[in-house]
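Paired with chain B in one complex and with chain C in the other, chain A is shared by the two complexes that follow.
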Partner chain A sequence: MTELFYSGAVVAVIATLLVIVQTNVVHALIYLVLSLLAVAVVFFSVGAPFVAILEAIVYAGAIMVLFLFVVMMLNLGQRSRDQEKNWLPARSWLVPSVLAAVLLMQLTASFPAAQTQIVEVGARAVSELLFGPYVLAVELASFLLLAGLVSAYHIAKK
Partner chain B sequence: MQWEVGSALNIASILAAVIVIAAMLIWVERRLLGFWQDRLGPNRVGPFGLLQVVADMIKIFTKEDWIPPFADRFSFVLAPTIIMIVVLLSFSVVPFAPGVGIVDSNIGVLFVLAMASLGAYSVMLGGLSSDNKYALLGSLRAAAQMVSYEVFMGISLLGVVALAGSFNLREIVLAQEGGWFVVPQFIGFIIFLIAGVAESHRLPFDIPEAEQEICAGYHTEYSGMKFGMFFVGEYLGLVLISSLITVLFFGGWQGPLLPPLVWFFIKASCFIAFFILLRAAIPRPRYDQLMSYGWLFLLPLSLINLLITGVVILSANQM
Partner chain C sequence: MESIPFEHGLMLAATLFCLGLIGVMTRRNIVFVLMSLEIMLNASGLAFIVSGSRWGGADGQVMFLMILTLAAAEVAVGLGLIIQLYKRFKTIDIDVLSALKG
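Up next, the complex of A and B:
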């Protein structure tokens, strides 16, 4: 499982970097899907298969499809690619990279000792938590989604 | 948390069997369609035209594999591989018989749904990268259709999951020892059937590739083996949906006298034949009819089905 974790993590990091540097929007989206699937593998390897598969269904399978759907309607061509290139020149990497490196060093220094004991949390355990102690949060989230749905309907009607 | 994975022989034979059956379906479909339309169908190559598949394969492998210069190469090459990969991966959780199957996953049903939703990328990227009006129209239709029908597909299965108390497909089969789930979950079965046809965009729901309106839809620009992968991927999807219906609603491999694998084969073949008959019998709906039928009729129906199933299970548990 450790190998699975590290391979998933490496793929996720590389794919996410490629999402940032890609100038072609469609390619960037494909790498984003890959990154989400790699994160799903990471979840799976640390004992959360239910969360992993939800990550694949909801993020990689549904939300990213909608992103791609919108990109299809926009008809982006060479011009947007050039624009993207102008927006990301080499020198704008400098300061964020230094800051991120500092942050990374602090994080690695303050990591707790690695846990090797993996306990699998299945679908049943997750549901018992969601509809037991956290039922209020689930209800609030559904309110939010309903509000979003109603406002989308309203805007579409206009 | 180690999951048992089937032996290499198991995996290889399932892979080979599934691909050969999907390829043979090209011939089976044409023969059956011919039979139902009162004509002969392909019967020249080999006995009963059985070698037609071989001839088709030789032709498709030796054809020029052309990538249009205006296409986006990366996504153009990626698109047909996605459909093959996701459909073949879905077969990994299908239990064919006791001891035959690749993984007994605790998230089997969800895994199939996840793969089905990833399959949408294949048609979308195929149409988008082709840089062709018809391909783009086809993939827009495909995306809308697949995203909407995925929703009811998932909800229609929840009744079965609730009755069996597990996402594991093998446990769902074992839970049907006393009776097939098609009886208590008849509405769920019908919705899954319709959503399954829409997911594999077969006739009558082949709006993304409707020849009369938009050429061949998302695979207009594809030729050679890349087109072949879309084509075989569609038949693989047909085999997958038939196997899933067998597993989820018709007791999987269970049946008297005959060995389990034969029962599975018979049941799945019946559904494959049914899907082909559906193609011969029903005309294609209009795009907006398909969408409003899904959202305004199938979605409420599947939610009510789930609600009633939940109430019945809860009240049965309390007694």
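Up next, the complex of A and C:
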């Protein structure tokens, strides 16, 4: 489980870094899917298998497909890619990112790492909480989804 | 079961959140800004999950489900807005789309 956690963490950080430096939107989307899947692996390794599966299905599946459809509708071509390249010259981000990496490595090395036991919390415990004390929050979430559906339809239609 | 340091999970969440924040601040393409917002939401959900697993409870996972719902609604509305902006202005550069600037 420990190796799973650290490999998932490394893949997630590298994929996210590649997302924010890409110039092509579709390549960035593919790296974002990879990053979300790596975070799902991290969820699995810290004892949350139900949420890991939901992350893979809903985030990496549904939401990213929505992004992909919109990118295909916008049909951004070479012109937008050239614009992106001009916005991000290497000399403006290289030094700050190297310094930030030094800080992050020092922080990781010096953090007190107390070992904690991982207890797996499955779908049953989550569902009992969802439909017990948190049932009002579930209702509010359904209202939010309905409002999002109606407003997305209204905004994108006219 | 083996064990994982709780602090390392929180540090991973903080790193991903900062990467998303850098994306929001530096990118000028509004699709990239929306993707960086997704990264930030996902990182906050990761912090909830790691904290929930630290004390062996399921509350963190419930909060992650709420964040998932929020992210889905936000992406639907945000992408609708992007389509509408592109139809009207033929660009998705947020430096050009500054009509709301005070």
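The rule is simple: the second predicted complex is superposed on the first by the 128 of 158 C-alpha atoms of A that agree within 3 Å, B and C clash if a C-alpha of one lies under 4 Å from a C-alpha of the other, contacts with A are read in each partner's own complex, and residues count from 1 in each chain.
Keep in mind that, in the parts below, a contact is a pair of C-beta atoms (placed from the backbone, for glycine too) under 8 Å apart; a residue touches a chain by one contact, two chains touch by 3 or more.
It should be emphasised that the depicted structure is a prediction, and the values quoted were computed from it without experimental measurement.
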item: Partner chain(s) touched by A:Val26 [first = chain B, second = chain C, both, neither]; value: first
item: Contacts of A:Ala141 with chain B and chain C, given as first, second, both or neither; value: second
item: Touching partner for A:Met1 - first (chain B), second (chain C), both, neither; value: both
item: Touched partner set for A:Val65, first chain B, second chain C, both or neither; value: first
item: Touched partner set for A:Ala56, first chain B, second chain C, both or neither; value: first
item: Chain C versus chain B, contacts on chain A by residue; value: C
item: Chain B versus chain C as contact partner of A:Gly47, first or second or both or neither; value: both
item: Residues on chain A lying within both footprints (that of chain B and that of chain C); value: 1, 47, 50, 54, 62, 66, 71, 73, 118, 120
item: List of chain C residues in touch with chain A within their complex; value: 1-9, 11-12, 15-16, 19-20, 22-23, 26-29, 31-32, 34-36, 38-39, 42, 46, 49-50, 52-54, 56-62, 64-66, 68-77, 79-84, 86, 92-93
item: Interface residues, chain A side, partner chain B - complex; value: 1, 24, 26-27, 30, 33, 47, 49-50, 52-54, 56-57, 60-62, 65-66, 68-69, 71-73, 118, 120, 122-123
item: Chain B - residues contacting chain A, complex; value: 1, 72, 74-75, 78, 105-107, 110-111, 113-114, 116-118, 120-121, 124-125, 127-129, 136, 139-140, 143-144, 146-147, 150, 167
item: Interface residues, chain A side, partner chain C - complex; value: 1-2, 5-6, 9, 12-13, 16-17, 19-20, 25, 28-29, 32, 35-36, 39, 42-43, 45-48, 50-51, 54-55, 58-59, 62-63, 66-67, 70-71, 73-74, 76, 80, 83-84, 87-88, 93, 104, 107-108, 111-121, 125-126, 128-130, 134, 137, 141, 144-145, 147-149, 151-153, 155-156, 158
